[in-house]
Amino acid sequence: MCGILGIYSNKPVNKKLFFGLSSLQHRGQESCGITVSKDDSLKRVKGMGMVSEVFKEDNLSCLDGNIGIGHVRYSTDGGSYDYNTQPLMGFSKGEELSLAHNGDLINHQILRTRLEEEGMMFQTSIDSEVILFLIARYYNGDIVEAIKKTMSLIKGAYSVVLLLEDKLIAFRDNYGIRPLVMGESDEGDIIFSSENAPIEIMGAKVKRDILPGEIVVVDESGINSYFYENTQKPKHCIFEYVYFSRDDATLDKVNSYNFRRRCGEILSREAPCDVDLVVAVPDSGIPSAIGYAQETNIPFAEGLVKNRYVGRTFIKPTQEEREMAVKLKLNPLRHVVEGKRIALIDDSIVRGTTSRNLIKRIREAGAKEVHLRITSPPVINQCYYGIDTPSRMNLIAANHTIEEMRELIGADSLAFISIDGMQRATLIRDDRFCKACFDGNYPVDPIRI
Amino acid sequence: MCGILGIYSNKPVNKKLFFGLSSLQHRGQESCGITVSKDDSLKRVKGMGMVSEVFKEDNLSCLDGNIGIGHVRYSTDGGSYDYNTQPLMGFSKGEELSLAHNGDLINHQILRTRLEEEGMMFQTSIDSEVILFLIARYYNGDIVEAIKKTMSLIKGAYSVVLLLEDKLIAFRDNYGIRPLVMGESDEGDIIFSSENAPIEIMGAKVKRDILPGEIVVVDESGINSYFYENTQKPKHCIFEYVYFSRDDATLDKVNSYNFRRRCGEILSREAPCDVDLVVAVPDSGIPSAIGYAQETNIPFAEGLVKNRYVGRTFIKPTQEEREMAVKLKLNPLRHVVEGKRIALIDDSIVRGTTSRNLIKRIREAGAKEVHLRITSPPVINQCYYGIDTPSRMNLIAANHTIEEMRELIGADSLAFISIDGMQRATLIRDDRFCKACFDGNYPVDPIRI
Amino acid sequence: MCGILGIYSNKPVNKKLFFGLSSLQHRGQESCGITVSKDDSLKRVKGMGMVSEVFKEDNLSCLDGNIGIGHVRYSTDGGSYDYNTQPLMGFSKGEELSLAHNGDLINHQILRTRLEEEGMMFQTSIDSEVILFLIARYYNGDIVEAIKKTMSLIKGAYSVVLLLEDKLIAFRDNYGIRPLVMGESDEGDIIFSSENAPIEIMGAKVKRDILPGEIVVVDESGINSYFYENTQKPKHCIFEYVYFSRDDATLDKVNSYNFRRRCGEILSREAPCDVDLVVAVPDSGIPSAIGYAQETNIPFAEGLVKNRYVGRTFIKPTQEEREMAVKLKLNPLRHVVEGKRIALIDDSIVRGTTSRNLIKRIREAGAKEVHLRITSPPVINQCYYGIDTPSRMNLIAANHTIEEMRELIGADSLAFISIDGMQRATLIRDDRFCKACFDGNYPVDPIRI
Amino acid sequence: MCGILGIYSNKPVNKKLFFGLSSLQHRGQESCGITVSKDDSLKRVKGMGMVSEVFKEDNLSCLDGNIGIGHVRYSTDGGSYDYNTQPLMGFSKGEELSLAHNGDLINHQILRTRLEEEGMMFQTSIDSEVILFLIARYYNGDIVEAIKKTMSLIKGAYSVVLLLEDKLIAFRDNYGIRPLVMGESDEGDIIFSSENAPIEIMGAKVKRDILPGEIVVVDESGINSYFYENTQKPKHCIFEYVYFSRDDATLDKVNSYNFRRRCGEILSREAPCDVDLVVAVPDSGIPSAIGYAQETNIPFAEGLVKNRYVGRTFIKPTQEEREMAVKLKLNPLRHVVEGKRIALIDDSIVRGTTSRNLIKRIREAGAKEVHLRITSPPVINQCYYGIDTPSRMNLIAANHTIEEMRELIGADSLAFISIDGMQRATLIRDDRFCKACFDGNYPVDPIRI
């Protein structure tokens, strides 16, 4: 769960990267960083914290190059250490390279061990360093060739922006698991981004998605596209629409808001319930709840207040303080839920602890019944491609029947959308989505490698 | 526009103040501060920025006293200077006092000038200093007497928490213009707060509102209530429900969420329109839009994405960057609005520039028609009691007919709720609200003083 | 113990104040601040820490006014709190004032209590606020008159720079206890400073000392000098030369370096000793040790290494760490002192603990004998004028004979310069120095007021 | 020019590393860092700035492991970038390593290029990364073997401390060019340090110097020493005594203070002059000036005041400000030098610009004559082993006769100590010192490799 961004321009890109990364902040709040190319060398600033915390007028003004990349990170692979922040940077054969990566490699440990046995040393614990390392290793003046060789070795999900002194490159794994969008402004800026929001914010237009297995190189000679030969049928992560992306994202031809709304509609038919109010768990549950409500003609209401100003705090909490922190984020609206039978719409259940806590608090606020409706199927498999789901052992749906889950969570009833229903919500017939966390069909087998 | 908070406990209150102020962050993001009483003296930390920026583990851990007050500030009176941050602090006659104030005095300049002529000096440019100053001046061991004398001099809106070494005091102006709520926890903590959210977040229960003209003193002897003799019929600021407070606020017996929803319903009857979708300007417009939609059976949809991670940035923008900053905050959802006739529900129009910009962008995203519906009446008078409205000269409704406004803003149609409709939305028959910004009936005449 | 600085120029003075205050850093490392007048209002930045810690490019660049004052503080009166940092600032009768003060008022508490009884409130616990307060109170357009009235009330030591929107003012108490120097640059900048170093660093020339009881006003009309009528015979603090000022200071016609050297020479005649080496306690002991050595023809050697990079640390130490901190500051040079009989030259003994610790460590490094020679007489009285000496109870010399002190400190012999010897070292016959800490002759009686 | 430090203890070493690095601060003020081993993994904090700026209570308290290393850096090889700060850190074959290096490799570029051709990527531009890289590459459980293989490849000057999860290792190049001292405390702490100051500050005792080509490993099994077979006759850098180390340093049996003093004595015989005063350029010139003065019976005086509080500032200066910054650091004492003939004692002349500027200012302060005496021979060759001398082209002595230099610098006379005189000042007959910058005899030929 990360966001990446790259811009090729003929004017300084620092402020654009700042605002663009800010609009990707929902994809990771742990750390962030920017590298730009300026005066024939790369300059980088990165740190722990959100974009508005790490970047200030003074350090941003030092990053006034015309080509640059950025990253926001929510740790998946590798722990929460300063040295694991991105963009990464490397020196090789007289060239400086910097890279920002979204996704997860499944053969990270194998490649790492092999490279270490050959005498390599790593300076982070993240898989992204293996990608940068291999590119640097295979680079001999032809960067596309180096990326292709790297792609032949790395397995898993990766959307990458790569910065050289005079080039901006974007590439995406064979299955196109994680998103990567390309935009262009009237002034000729080329932008690569995990979502379309940064492109729109900069006043540019989305041109297209980077295709699975595609490598796009932007430099003085223009925009050139290459393909890694072994390209597969796409398997875009459906969880991007379920939960991860912004409502205004349109990734690989599916719009997240419409998907979410349709999931709510479909779910209302698959699992109706006799309630007074439809309430969403904000923010990603809201469109689904609206869909659910309108399809059933049950009133939709905001029953939970989300604090818009809560970022990460560095206050180490006691148990009592931890509860305050939870309540600070989401507070039930007593006046709305009191005495009411509620259909609570959430996007997914992973461990089940958040749902249990939330339902308990909604009941305390006076709700008579709470019927939980989930707009994705039960998560029964771990994700190996960059979504931070826990191992099967901790997935509530992998170890319990729906009735057991209902009881554990404390809901009056519990229902999930069907896998087929979710597929239909994409409006795409073709099965071009990775739904492995729901159905176990991993496009890249995490076991055999 | 500020938020205040006070806690009297027998355990350190620093973390509670931190989380509580965070839940009042919507009332002011410019600066914040905390004072606690510890070891017979007051300790204070304050600074520019949001609660999570100013307070870190180390400075918060120094504030481990059992009684304390806090403040979040959005500058109204006095400019954006470090010395204007609150809580204020003073030494007088062997006593240390610290004060946090929400509201605006209308006779601030008169009192200040008079005091200066008598030989006083001020160290901030805010009216709150006059309040603290007068209390310190009249204090001779009897703090209630000092507050009463002060209340006999100051005119306007004030909800105040005052900290002495061994006492926490809360008081509120005669008309109860700005809110002030009292809560109590099972462990006996007494809490005063601008809204109920901090009380709930701490796991405590709301007991009641502080009454107009009431002075509540909490110390070793318990909780004691006093009244300033000249108490008036209440005139609670109705704008708190229109825009300012959180959805989960219940202030002076009116719940903001329900008020907003009812405003939407009433407005839909007063000013219906033939559209495909009802869209809210988030966040305060959402309940009203839901009410409008359900009453009319027109679908409600989220047509604008609000970035939840945008705080204040200190990046000085160029014109181009300013536009990125605006788009970063609020982005139209093309897939929702494209080809649609939209009823756009907003809480108020002040200058009209934000509405114009927003409607322009919704049209650019493909909306066919945009009908603007406002859940408060036209703002035609300046607020002198703490809401940061501009002078009449800059109030669009004070200088234009509704049709002129519609054209300036670029809406297909424009309508406001009636004053009577808004009153009915409170569910209170009695006219106990200040609506001066709409109707010019100032409870405390700002001219004659 | 503080340093003050003021500049009147026709160009921004922020960088000059920065470098100037840095050269006064030895007078106080606890906090610092700068106020400038810009666009008809005063702007101030202040904080805890050294000049290079508090001021950075960004906050300094906001202080680009043409008139300004600055302060470095080592807390004397008032505790180490953020609110006690200077310059202070006040608003009164449409005028903004800012003030920086070096010295101590002896009637601070009396004035403060009286003012509090009259209804004033203070916002710091320092005496400087009383000065600013009185000036603001008496100011009615004639600032000189207001200062004179203030001077008629305040007793004690004060050198002050005062900033108004269009004026820079410097004034000094009747006895001229604390120093205040005036300089002028070729471009016409007027500078007031606690020492001459800032003036020289700015490339300007020292013009003269501000006289006891003098008030100098600089504004568009030029430089005007006024006198408070009740001017006394000067009583300049002799401790400035003994310890406090830089070696390159020339204050009230006495040069510190030469004074210190002569003290060493005189002391060598008054208290010779049979040793192998003369060693100084750096830094203020060095010139005296050189004088002592050259007069006696005993070799001078550096026997103690002072760490030039140790500022204030905020690491809270355990006992073990405290010892490391002490050793970090000053480390005996084993190769120099081993097997040697040492005359150790220090400027003063206050509590005696530092001397005892130091002598112990010099012995551990192998010195055979350590004879302590002090270039000031025994400190037997507390200073009430700004030098941070403890009360008599804690002054080792006030409670012990020299032989007792020698034993407590662990020296082989101990001797002090005579009061007469110290006076002769000034090269001034006239008794124009306050030596109250040595002889008890207080120019302003601290008891009777 | 760097300082390194390592501690093996059975108690947390964070505070000891903090105070120890502070006492090495003179060896580098640009950046610093600490790595400790804790709970089977390494934790590191590093940053730009001085020790007291980078480390605060909170980040230091996270570094509470029992084994640790630290580094202070003045950039030599590699630019002033964040990524070039040390200690470096690497992951290889399940092991975490961290390394701090003082010195310069002469075959850095060759090794780097070769490794890059083999497919390696570097993440810093400093030679230290090559050392860590090679160790990681050759490490297969036997760390000593890996270090020996690394030593067989790297050429130049290196004193290194290396941290593994359970081991602290120190090693030094074959010629022992840069210093490395070992100490032990009563509690059994083992300390490695660039100088003895940290050892003494921690209350421990110096045991011995690490020998040229020696590898010392400290772990649970105790202290074990190994030698790289190809050990050479020592060639300790003599410039450490001339300028770089603290006065209290005793490195490879030469004490810096005594060396400096003897250089002054010898120089006074080799190059006497008829003057009134001997003045030192502080700080390293002081012992030499004392020696010069005592040998000639000319009075020694402090003629220059050094500001003890000037660290690095981040204020970008204009020309006018740059001059203030220079004067802030060092100010001539007018009262001392006025009308006098001065022998000015400095440790070395590199470019000559500092000397010219200083002599000009001493003359402006009134000196009649300034005779410059340098306690090292003319620097005519670049250092390739870690002293930051410029290339020959910019060495004034490499391009000018002494008379030409005298005229350029503006001195009345100019003389240098002889190479032989400097050797004698070490009190060691044996030629065990690298004096390549003076005589061109490079122990490791920088050309042929």
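Going in written order, the chains are labelled A, B, C and D, and every chain counts its residues from 1.
In this text, contacts are C-beta pairs under 8 Å (C-beta built on N, C-alpha and C of every residue); 3 or more make two chains touch, one makes a residue touch a chain.
The structure presented is a predicted model; accordingly, all values stated were derived computationally and were not measured.
Trainee: Counting C-beta pairs in contact, does B-C beat A-B or the other way around?
Mentor: Of B-C and A-B, more C-beta pairs in contact link A-B.
Trainee: Whole-Å distance, subunit A centre to subunit B centre, using C-alpha means?
Mentor: 35
Trainee: Just curious, how far off is subunit C from subunit B if you go by their C-alpha centres, in Å?
Mentor: 48
Trainee: For subunit B, which residues are shared contacts with two or more other chains?
Mentor: Residues 56-57.
Trainee: Would you identify the shape of the chain contact graph, picking one of line, ring, star, complete or other?
Mentor: It is complete, because no pair of chains fails to touch.
Trainee: For a test of understanding, state which residues of subunit A touch subunit D in their complex under the given definition.
Mentor: 44-45, 82-83, 88-93, 97, 113, 116-125, 132-133, 136-138
Trainee: Hey, which residues of subunit D end up touching subunit B in the complex?
Mentor: That would be residues 56-58 of subunit D.
Trainee: Of all residues in subunit C, which touch subunit D in the complex?
Mentor: Within the complex, subunit C contacts subunit D at residues 15-16, 18-19, 22-23, 25-26, 29, 50-53, 55-57, 60, 197, 200-203, 246-248, 250, 255, 257-258, 261, 283, 286-287, 290, 294, 299-302, 305-318, 320-321, 323-325, 327-328, 331-336.
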